[in-house]
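Below, subunit A partners subunit B and then partners subunit C, in two separate complexes.
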Partner chain A sequence: MLNNMTNLKLSVKIAVIFILAFFLMAAQFTGAVSSAIAGETRWINVSSKISADGSMTREVKLSPDAELLKFAKAEFLGDFPDLIEEKCSDGLVKMTKKFVDLEECVGVLMVQKDLYFTDRYQIRQSLPLYPDEKVMRDIKVRFEFELPNGVIKILKDRKLQSRQLGSQTVNEFTLDHAGNMDLYYQFNNYKPITAVLLAAFLIFIAARMTRRFNFILIPVLAVLIAFFFAGIAIIVIGESPVSAMGAMYEGVFASRTNFLNMLLATTPLIFTGLAVSFAFNCGLFNIGGEGQVMIGGFAAALVGIVGLKFAINPMVHVIMAILAAGLAAGLYSLIAGVFRAKFNVHEVISTIMLNYIAYTLLGFLVVHPWFKENGPNPQTPEIAHSAFLPAFFARHDFNYGFILALVMAVFMWFILYKTSFGFNIRSVGLNAKAAEYSGINISKTIMLTMFISGMLAGLAGSERVMGLFHKYNSTAFVGYGIDGIAVSLLVNNNPLGIILSALLFGFLKTGGSYMNREIGVPVELVVVVQAVIIFFIAADKIVRNMLNVKESR
Partner chain B sequence: MEFLIRLIISTLSMAAPLFITAVGGIFSERSGVINIALEGMMLIGAFFGVVGCFYTGSPWLGLLIAVIAGGLFAAIHAVISIKYHSNQVVSGVALNMLASGLTVFLLDIIFGIKGTSENVATIPNMNAILGVVKPAAEAVKQAGFDNRMLLYKALDFSPIILIGIAVVFIAHTVLFKTVFGLRLRATGEHAKAADTLGISVSKMRYAGVIISGILAGLAGAYLSLSLTGAFRKDMSAGRGYIALAAMITGKWSPINAFIASLFFGFAQALEFFISEPVILGVKIPQQFIQMLPYILTMIVLAGFIGKSVSPHDLGKPYVKDEKL
Partner chain C sequence: MNALSMKGITKRFKNVVANDDITFAVAKNTIHGLVGENGAGKSTLMNILYGLLEPDEGEIFVNEKIAGFKGPKDAIEAGIGMVHQHFMLAGPLTVTENIILGSEPEGGLFLNYKKAREMVAELSDRYGLIVDPDARIESIPVGLAQRVEILKTLYRGAKIIILDEPTAVLTPQEVRELLKIMDNLRKNGVTIIFISHKLKEIKRITDEITVIRHGKTIGTEPTSKVTENDIARMMVGRDVVFNVEKGKARILGQGLTLDGIVAKNDKGLTCLKHVSLEVKRGEIFGIAGVEGNGQSELLEVISGLRKPVSGNVMVCDRTNPDTGEKDITGMTPDEIYESGVAHVPEDRHKRGLQLNFNIEENLVTSLIHKKPFSSFGMICSDALANNAAEKIKEYDIRCGSSRVKAQNLSGGNQQKVVIARELSKQPRVIIIAQPTRGVDIGAIEFIHQKIIELRDSGVAVLLISAELSEIMNLSDRIGVIYEGEILETMDAADATEEKLGLLMAGIKKGVNANA
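The block that comes next holds the complex of A and B.
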């Protein structure tokens, strides 16, 4: 009992430190982001009040400089003749214009109805390049938007990339002399990060108290540590971790499209994660996912292309293509299995070599006149429509491959934990010698496992080809196999856990690229986070020491 | 003659990053730590070489910084696999991932450009160091004899190649002729026995892994500071894995790995001279030549041409007070 209490205290301490650290970073940086102003800055204050009926009143306040006035009139007020100009007491000039409805704002603001949420509008504030360098130097623009609460989202342009903001009111731009802008804005949206931290904290406490879910502690803490490092990296480059987290959250949950993007990114990760996990349960480390995904994708594309010449029933065609992908990748992976079983060649080395053999082989095949489409790109022609994996919704590629992935996850769990074949696999993984003495045919088990593992990776390739790209392209398949390793290791290679872990990495990927567009944090941060997670899973002793948890085995 | 010189120099330039890294890998694996993070260490070396050169202005200081960065990066691998007894392959995968992510992340922050760095000063080639000037074309024509031109071309390679070749022979001597080498090999072959004899297993392994990082860093700096003069995203492009292949094909011996690297380098250099070689009247596509190192490694591993056997305790974390 006493021991339990100290454990609990310790875990509370750790969790509190994490939460405090995050909020410290947040508090420090939400206030101070825009404090770095160099030289003599001239301000343009643009405040717009948008009412629920769609009318907008825009006020522009600036110092009375002829060039500046011309610029501000053109960019923020659309050069309308009927704007009111007046001098304020502090020497600034105030220009006011009332727009009757959002239609009239075109040219000043782009307004668009959200495709999925009918009660929302998207507004895009764009700022094209201004030719005069002198005018652009040392200008800062502060945007203020007053919105009817929660109805309107704002999109901004920066270097032709659109940016979507939360429901904020103050946004600042710095214009450099080339007319590029740096965007500073504050994400005061604590909700997502608080929710995530709270959930992690609750899982943590629950696991510590019941002591039945100790296995959850290490993954959760590894993820938290990785996020912590990422937070520090974001601070180092002068952004706020809270706005970064908020941007990731927005990038996944702000609209249905974003959410579907996440699920679409998750699908191949489930397959490649399963591939790694299935082999790992047999004590085999299949890092050949990269090559196997490519081989599977190419096989699926080939079967898909055949449909261009012969009409095939879509149902039959889809199944044929998936089977071909699984079989090709499985056989390819079987090479490593045979080398391991017959020649005792470590599968890590052979799968690395097979990866590179696959790159070069497919690099050759995809430019071969038999398979290459006409044109400059090294890719196959588009596959027949009958081989497309059907999508769930119009206008989005999210497809039934996801369901197949879920089914495979459950099926692999069933095989591993509920059948004698699975029992054999796991016993070879735990202790090959003991398994051999108990009469299990080790080389047969190893070869079959490698075949199934490769097959699962191949399915990822088939889903990409049939559901998303609709052709084989030699550069589009890089990275899924390696990501699968992270996905699988995070949940200790449990097939059911892989669904959750793949969702987490799908979230990181989708949210990460959105965060990159949003606040300019390089998207590679996600790769770093992924690497740190694997580190702390690998060096679980560090985490165990932190938690004071004994090894369960 | 001139063609031969060009062929030899191209082969050496392609092989240098391979054999330098492979020798590093040998130190790590001979001490019993699997090192598939060679690729990542090379990338780190390449990146920090450019960054060092960018800030100090001197490619030689850049080289030094690259070597230190490679060593430190390897130290992470060492701590995780030696102190925390973790799975060395997993740690290697994580390091490769970290290197590829971190370099691009830092690239974006330091240079503000996506994918490639600014051009920096490169390490001068041997002809520039020795002061051999390229003779004017007319002078060569007048003399009718191009000895000086030949000399100029024969010295047109990076000094790092010479350092690398020296490293190969020094490594061979260290591994097989010194006490340190014997102890290093002993910890890789049978850690328990080595420990019983009073050799500190973890010290030897730390040394092995860090040496591998230093050499991989050197090879990376060669790529960025000698060959290209800039850092590009994922510029090691699988060379770390070919070095791994050279190490295995060379049966964990520096000189054999050197020969294997020369062969792989020759296969790569061939691309510059012949676009599609013809053997016995059959055109061999370029991709099949690129494939050669990997296929050869598989064949050697399978034991079809002289079986390659890894150090006995390779990949086994050594727990000192393990009860039997």
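The block that comes next holds the complex of A and C.
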């Protein structure tokens, strides 16, 4: 009897959460909420017809608002004198211009035939920074492209960048002859989000009946609940939460490029997450991921540069560079390991100190004539091509380092749970006194574990150098080590779970920066959304409490 | 009139029923014994009585008035005091300061130490609990510290005192003193609830006993009407053999020899002063002594967890035991295991088990790298499972499955896991410390039998225990340790409780008592 009452209360709570989520979406559908908060939206319609001879005729339609006209002329028509301006029957103003040369750069608009594929058009439209963000907030642009073969592509609801310090942002995409824009999903398409929510709800109902899937369910629900709370924050500042969340989703799934960007962001986090997790299983806190990543990256860069002088077989070169990175970072971490094993210096302190040492030491080395490239930047020369980590696709940096990361995750899981060595490591981590009693050499175990942990972080550095930057510079490697700690803690230091956790962080990072670039969600809010999600997943007790799910023993 | 009565007390933790409809009454001015195995529910019940837990069902009546305790403060105000098994005293503070801690006498801004001293002295006289009010806790013996704990409760007006396993850490003489004190308290209007599983003491001092088993009250009987066997039967549910049957020892030859061991403890003080002893294969050598006299350090020296300052530890050769001894002084624990020495540690939670590992894994710690448990560094989970199934059967380890985590086993079953593991090493020499501490009566029987079996199969057994009856029951020869020295060694047949008790207190033959 008691159980039934609990289930009823529970189901009501869940239903309330989902209904509220649906209302949020519905509000966006009607535009009621965001208009109510943000004010009246002003529209600009930009139609571009591309002809077979390479010219483009662009037509801009908008309401006769002086401010808007000035803006549109500058941004979409290049402010040229040979504009044709006329009034339409519906009271709107229409401005037309013909751009003769596809290569013609009108400052902010460029249409090029794709360099590699002749039947693709690379279109670059940038939306610049304006000082008065209030003006810009309620302007929406609708782009329409007509290709020579008659195919039409429409981009709705492009918002202007309201806040980003420094640079312009660029909306860049390619259209093939069928009007396909890579893997483009219609922006603000509710279907995927709705599908996900419904699926989660159904899984939830099923799980409540079988009580089996709590361990996956709780994080999924945590994400949804987090989205809900983040959504509130987003409404408050006048953005549409569904647009913003949709943007985050789009920033990862809308195109192959975006998706690969996410995987690229995930790869180093798998390595640094593993580094933290491996050490944790021995009861050690390796906070030195920052420095170890750098040391590893630098070592890989050095081996890579050697290849500029001597010709080395690519496979050999890659393996050598990876080994060098792992070895260097492992030895660097071993320093802290020795201090802990022999002198009982807590590794939290020693590894943090070693981070500073690595950062400044490498910062110095990288401007030293021996290692510095010929140029103004504090970085090494680009490494030899034979040391590049092979990429999966042309024109994207996503590389086989990802595979190595997955392999390492499985390998670490295997070591910890299927070998006697891992048994000993976990034994020391759980109860060092009992481990000592059972004959394990604590000292040796600690040192070996710190070495392996550092080695893993070093591999992150090598992937960055060999797969992405192709050189070492002192500032681009900051943050991976610290994020690795969060990645690992989120899944309780389980090596396999780290793959999922790193994917989540990659998703948040990539989606977040897209949210910022494309939709104009301020960077600070992006960070808030990321933090809320991580918070709810980490504090799964809160989620369990909310849902009255008891922790399984 | 009943000082205390508990009716229908039920307490559930998730799906475990710790107390199931417990009902009993304690008459005023009596000593009431509460008896039960570990895990029977005594601690839960007392925590409920002391206000630390709230019962799911049932009522408590103090002096015939219903009591709804929301916390220990309510219990204390109702006149209930508790003396825990592990004392809650501050070492560097004096007796007086400890007694008044938290309930200092009114005196404005400053501590009125004089008044406090007077109050303590008055209580001390009235109840016959003699203590030095200015002595520091860390310098007084355990028996006196216990008196301070009792005074603490009396100072707060306790009329009902709960004593939780008070005799676990006392010498036989101190136990006698305590029983006298309890008698005195009873005469002075105090009601006592005496929790113990030491049946001899229960018989000696209590007026009535209540037996609890698996969370249920089995019965309340006047002590005079039941024998120790009756009580044991109520506790366990079957007849229990107290004294293990053992034949005469068959000595095979050298086993373990300690020669002049000098060692320092963690504080840097010398804790073992030229300890020399011999344990032959086929005999049980028991070391009696109150805890803290160097036993722990002695065990650590033998098992390689502590390096002695000087002296040697020698064991017979593992493969050819009759061919003389091997010096294992200062070797690492795994080397010592290889040399044929096994070790059942005194603290199974700290040393003996990985509580977060399951039974299968705990049965093979220190053996995991050997065949058949792992090959080429990879663990063979089948081998682990088979081994566990075997040992669970052989040692009657009560558990749901071999995958249960060690922390979820009862004390007795945990101890069985440790013993099963150590014996599977096929040792020539085994050191066993506190084998039945926190273990229920049923398992005690089993463990004692296993130790005798070991001895009969020709293993040299060094047994260290704070439980005098255990030492006397099992050993062939007995040595008494006091302040790091073996004061005297004797045949078990010549040992009496009196003799051993005196030695345990440091009183050697021909030397005057110094207390």
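Throughout what follows, the second predicted complex is superposed on the first by the 289 of 553 C-alpha atoms of A that agree within 3 Å, B and C clash if a C-alpha of one lies under 4 Å from a C-alpha of the other, contacts with A are read in each partner's own complex, and residues count from 1 in each chain.
Methods note: a contact is a pair of C-beta atoms (placed from the backbone, for glycine too) under 8 Å apart; a residue touches a chain by one contact, two chains touch by 3 or more.
Here the structure is a predicted model, which is why all the values come from computation and not from measurement.
Participant: Touch test for A:420: subunit B only (first), subunit C only (second), both, or neither?
Facilitator: A:420 sits against subunit C, while subunit B stays out of touch.
Participant: Per the contact definition in the header, classify A:441: touching subunit B only (first), subunit C only (second), both, or neither.
Facilitator: The answer is second: A:441 touches subunit C but not subunit B.
Participant: First (subunit B), second (subunit C), both or neither: which does A:285 touch?
Facilitator: Only subunit B is touched by A:285; subunit C is not.
Participant: Once chain A of both complexes is superposed, is A:411 in touch with subunit B (first), subunit C (second), both, or neither?
Facilitator: Neither partner.
Participant: Pick one for A:433: touches subunit B only (first), subunit C only (second), both, or neither.
Facilitator: The answer is second: A:433 touches subunit C but not subunit B.
Participant: Under the stated touch criterion, which partner chain does A:531 make contact with: subunit B (first), subunit C (second), both, or neither?
Facilitator: In the superposition, A:531 touches subunit B alone.
Participant: Who does A:356 touch here: subunit B (first), subunit C (second), both, or neither?
Facilitator: In the superposed model, A:356 contacts subunit B only, not subunit C.
Participant: Mind telling me which of the two, subunit B or subunit C, contacts the most residues of subunit A?
Facilitator: After superposition, B is the partner touching more of subunit A.
Participant: Considering only the defined contacts, which subunit C positions touch subunit A in the complex?
Facilitator: Touching subunit A from subunit C are residues 14, 303, 305, 332-334, 337, 343, 345, 350-357, 361, 365-366, 368-369, 373-374, 377-379.
Participant: What residues of subunit A sit close enough to touch subunit C in their complex?
Facilitator: Of all residues in subunit A, those touching subunit C are 418-421, 423-424, 426-427, 430-431, 433-441, 550, 553.
Participant: Would you tell me which residues of subunit A are touching subunit B in their complex?
Facilitator: Going by the criterion above, the answer is residues 233, 236-237, 285, 287, 339, 343, 345-346, 348-350, 352-354, 356-357, 360-361, 363-364, 482, 485-486, 489, 522, 524-528, 530-532, 534-535, 537-542.
Participant: Please output the residues of subunit B touching subunit A within their complex, sorted ascending.
Facilitator: 34, 36, 80, 84-87, 89-91, 93-95, 97-98, 100-102, 104-105, 108-109, 238, 241-242, 244-245, 248, 285-288, 290-291, 294-295, 297-298, 301-303, 310
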